[in-house]
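My questions all concern the structure below.
Each chain gets a letter, A, B, C and D, in the order it is written, and its residues are counted from 1.
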Amino acid sequence: MPILENLWIILLLPLIGSAINGLFGSKWPNRIVTSVALGSTGLSFLCALEAVREFLANGQQPFRKEFFDWIVAYNDLRIGFDLQMDQLTVIMLLVVTGVGFLIHIYATGYMSHEGGYYRFFSYLNLFMFFMLILVLAANYVLLFVGWEGVGLCSYLLIGFYFLKKSASDAGKKAFIVNRIGDFGFMLGMFLLFRTFHSLDFQTVFAAAAQPSVAHEAMGQFGTLTVACLLLFVGATGKSAQIPLYVWLPDAMEGPTPVSALIHAATMVTAGVYMVARSHILFTHAPTAMYVVAIIGCATAFFAATIGLVQSDIKKVLAYSTVSQLGYMFLACGVGAFGAGIFHLMTHAFFKALLFLSAGSVIHAMGGEQDMWKMGGLSSKIKVTFACMLAGTIAITGFPPFAGFFSKDAILFGAYNSEPGGKILYGVGLLAAIFTSFYMFRLIYLTFFGPKHYDEHKVHVHESPKSMTVPLMILALLSLVGGWFALPSFWGGTNYFADFLAPIFGADEVVGAEAAAAHQLELILSGVAVAAALLGLIVAWRMYGKGAKEGTSTGLHKILYNKYYVDEIYQAAIVGPLVWLSTNVFWKVVDEGAIDGTVNGVAYGAEAVGDRVRQTQSGNTRSYAVWVVIGAILVFGIIFWPVLRPVFSGSVTGGVR
Amino acid sequence: MVPTTYYIVLSAILFGLGIVAFVFKRNIITLFMAIELMLNAVNLAFVAFSRALGKPNGEVFVLFVIVVAAAEAAVGLGIIILTARNRRSLNVERANLLKL
Amino acid sequence: MNEFLTQYAFLIVPIIKIALLVFVVLTVDAYLTWLERKVIAHIQARWGPHRVGPHGLLQPLADGVKFIFKEDPIPANADKVAYFLAPFITLMLALTSLAVIPFGPQKFTLWGYESTVGIADVNISLLVLFAITALGVYGIALAGWGSNSKYSLLGGLRSSAQMISYELSLTLSVVGVLLIAGDFSLRNIVEQQGTTGSGLLTWNIFPQIVGFTCFFISAIAETNRIPFDLPEAESELVAGFHTEYASMKFAMFFIAEYTSMISISCLATILFFGGWLSPFPAAWTFTHYLPSLILIPFGLWVIYDGIRYENIFGRILLPGVGTAFAGIGAALLVFPTINGLVQGPFWFFAKVFIFLFVYIWMRGTLPRFRYDQLMSFGWKFLLPVSIANVVLTATVILWRMR
Amino acid sequence: MTASLVIFFVLAALAVLGAVSLILQRHPIHSALSLIVVMVALAGLYLLLGSEFVAAVQIIVYGGAIMVLFVFVIMLLNDGEEERTNFSKLATFAGIPLAVAIAGFIGAAILSSSSTLPAATANGSLTSSKTLSMLIFTDFVYPFELTSFLILVAILGAIVLAQREN
């Protein structure tokens, strides 16, 4: 059965799994729920593989199929349930289904002692479904459906422990912050529709690719620029970029597999995917791209700085995620979309790995997340330690791990970009240093040094196979994942770039010719490795042989409190809104106008009824009379044309 | 030969009388009779027209009307018996439990 | 004079026929009572009436006189209208029901006005008959209700309920015959039974035996005769709906009952027993002499019986009657044309007589039903059976048509 | 003034008188009797119109079944004369005019519309019951079946209503 011909199977399977678990799971023992969840996800993973195989067999012909019309306004707007498959999709598809499947397996171990097991997997499968829609969608609206769906699932899963106030608050926060971004996204879609009279990727991009479409110069805010910026607002919301990144750290309230799957590997990269998907628009709007690059770079830097001092292991990883996403956007911003997607993939591997390992650590520590209360675990949980180390090396960018190649490509792209490429590169490099610092800080605090926990209270134990096996697989992936794109000086060919070439155009090595490029690239990668080493050394000096949690002062305090961004938002936006809604919308509009109207209608009805009920005398004969009156009226109306002559006397009696 | 109009006028008169009966009688059974009277008036018109136009359909309608009247009488009288049992009176003006 | 007759023949001839019929029927009723009393008396090993006239033959006359001269009390605060209306309605309807019954095949022309043996020859005569029987309920109901008395009311209610119930199966049981004949006209129904001329084999009784059974039972119930004479169950309600009636009004009910017996018998004869048709194949001409063969010996026996009667009156009367009978018989032998004319009516009345006799016989034989038995029998047995009969007949007919 | 006209007027007068007496009679049973008179008169009119089957059915069903039912129920309940309560001012004052009005309306409408009709029995012969039955079982077969269902339902309803719950 050709899966490619009916792609819907891939995304239907998780939906079915979710429905089954959600509807009947509460009655069932965990193992049935497990088999349903894993079965659906695994099957969809296999289907994805098959689909990809067919795609490659077709000589990588971009595949697109319209399954049914969804919204059709007479001849202008057609939005169908259209799925497409091209190189970009292939990568996203494999990442989502593959990593998703692994994390599912992991979750079966991790969640086995939690309540609401079936609920969790129902949500998780639902998330897979929406994510796959997002990835496979062939038009903006369907993509938006997936977009919102994953948002919903993220909300549900962040607030999975809804009895914990912080959890439910975090869920709400994520949802609301995303609303802002989605608002921008929708505006962007409207603008696009107004401009191109369609929302299909094909049509829009084809139209945008026309030479007739003006290539808006830097600093010029044309339609495309505005549209791209609006779309990017959406992306900032979903992918936790400045200024909307605040929800992601709080999202760590959710179970760790969720953090791994949604808030590291897949969902948060949706923004990057979207930007990369509509790269044609962006390339026509350099201003927008520049903004993207700047935002990405800034996010990468700031998040890294915040990550330096966090004490919660998952918070550290969260901020690292934010900053890595920043890297991706930086890549997109400087036009190195391929690098961005590449980093997306590798990041999916090692960040999932890191989160899962962190989860394993937490599991081992019996729910403890504060790194200051760990230490010296390396001997206790060797597998986890090894995997975590692998992930750390990968993210900090030591060759030959994946992170090195992707981050290298990004920085290289940034360096070559104009204008201000050098600055972007510098900031990125700084962020890289910070990255390696806080990652190794995490490693040292967690696995080395003296134990800061009570052995008798906490029984440290290695996690079950179901958790460690995925860790190993991911570790392997984050090791080899980078080898698809060996830098040219490395002698190898950049399969990845070639693979994506049909979409993003030829290799983004622009400006300098090949030889110079080789030199430059070699130097830059050397610098990057040096930066990573620097971070490692500093971290070792500070935390290597154990350290006490000091009282935070000055800069440290500011960083520790995340630049007080949440407080600022609270004061600047939330407070006024609450005041407004309380004193205006609630007190005046709702109670005054709406309730007033409703009650007024009720009173009016009562008053009228009070008069009218007099006719309901309860006397049958009166009713009879009313019937007769009605009959007369009806009769008169019907026969008026016949009757008029009779009354006007023009007909003198009918009897002949 | 009798002009059709005579029949029609007669049926109109009967119908009017039926209405009068319906409005002025108090005994619920008599009200029913009034309804039957009106139905009969209508039937007369039916037959007269169908004969005048030479189409038997009208007479078929009359048969149907009679059937319906029978059904109505059966059910209606059942109801009447119930009310009489409960209210101890057939006077429709005394059946005013819902009146406030 | 003559042209007057010819002009208004359409008015005069029927009037004459009606007068004749009424006279005959009333007489027959009167002597039916005599017959009934006699027969039952003999069934119960008694003499029955034998004081008034030879064999009590003048008893009906005496009864009539008594009816006329008895006091006629009206119950206190009876509903006058209903009370007076009831017997008239009953009698009128009973008599009217005979109007559509054809007694013979012949059509004769009097003063240029062609008419039949029988008063009216309507082509929905059967429906008319049923319509009249249907109205028959009112008489009883009004009588029961009008004469402000518990017995009467109960009797009236009972019998009206009974009549409504059994009317259904009465009508339905006839539908079979209708389906066979495909016509409402009694005359045509009879003639359809005699088409092949092979005598009684083509009568409806054979295909419609079930229908006949239902018909006869419900007919008895319809006429409030034993075993269905609940309305006048002496033991429970004195005399039912006519408890409060006396003298002539009572007589009216009485006559009405016997008249309806007659008309029902006629109906049975017509519908199931080939009306005026001879039971023998048309080929057997000698059967035409049966009337004489019956009348002459009967007359001779009556003469003989009269001669050896104890009192002089009887010795004069009976031989007279006997000679009359014998004379008629002889006359039929002598004048074959008249004989031919008489054939139809002869067979018709013979059959009707048999039915009447069966009525009386049953009264002498059967006990009375209990009321609930009556109702459940009517609704739960007769009705379904007659419906089944209808369905069956229709099926067979369709099968034949195929 | 042909014979048929005479018969018509006699019957019509009978019907109208019956209807009037239905209104005037105080006792329901007298009203019922007057209604029966009306029905019989109407049956006569049907015969005069030449639709004999309808006439017969009119007598059998209306006269023989429905009205009997009425009389029966009246006897059963035996509520006596109706009390002339006058709780409904509306009916008292507006009743007659309204009735006259609607009758007038109908009459007027009919007069102005049907005055061109041919005489009722212009087209000669009787409507034979065959014609009717053909019509019923071909064109009107579905309504016919429906009515049978209606009857069934009515029977059930009557039984359910009238039985004493015990």
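Operating definition for what follows: contacts are C-beta pairs under 8 Å (C-beta built on N, C-alpha and C of every residue); 3 or more make two chains touch, one makes a residue touch a chain.
Keep in mind that this is a model prediction, so the values were computed, not measured.
Overall, the chain located most centrally, as judged by its C-alpha mean against the mean of all protein C-alpha atoms, is B.
Computed centre separation for the pair chain A/chain D is 79 angstrom, with centres defined by C-alpha atoms. Note: centroid distance chain A to chain C, computed from Cα atoms, is 101 Å.
Averaging C-alpha coordinates per chain places the centre of chain B 6 Å away from that of chain D.
Centre-to-centre spacing of chain B and chain C amounts to 37 Å, using the average Cα coordinate of each chain.
Taken residue by residue, chain D touches two or more other chains at 53, 57, 65, 69, 76, 87-88, 91, 95, 98-99, 102, 106, 110-111, 114-115, whereas all remaining positions touch fewer. Shown for chain C are the residues in touch with two or more other chains, of which there are none. Shown for chain A are the residues that touch two or more other chains, namely 617, 619, 621, 624-625, 628, 654-656.
Which chains touch which is summed up as A-B, A-D, B-D, C-D.
Interface residues of chain D, counted against chain A in their complex, comprise 87-88, 90-91, 94-95, 98-99, 101-102, 105-106, 108-115.
Partner chain D is touched in their complex by these residues of chain A: 617, 619, 621-622, 624-625, 628-629, 631-632, 635-636, 639, 642-643, 645-647, 651, 653-656. Partner chain C is touched in their complex by these residues of chain D: 27, 29-30, 33, 36, 43, 52-53, 56-57, 59-60, 63-65, 68-69, 71-72, 75-76, 78, 129. Across the complex, chain A is touched by residues 3, 5-6, 9, 19, 22-24, 26, 28, 31, 92-93, 95-96, 98-100 of chain B.
Residues 2, 4-5, 8, 12, 15-16, 19-20, 22-23, 28, 31-32, 35, 38-39, 42, 45-46, 48-51, 53-54, 57-58, 61-62, 65-67, 69-70, 73-74, 76-77, 79, 82-85, 87-88, 91, 95-96, 98-100, 102-103, 106-107, 110-111, 114-115, 117-123, 127, 131-132, 135-136, 139-140, 143-144, 147, 150-151, 153-155, 157-162 of chain D are the ones that touch chain B when the two sit in their complex.
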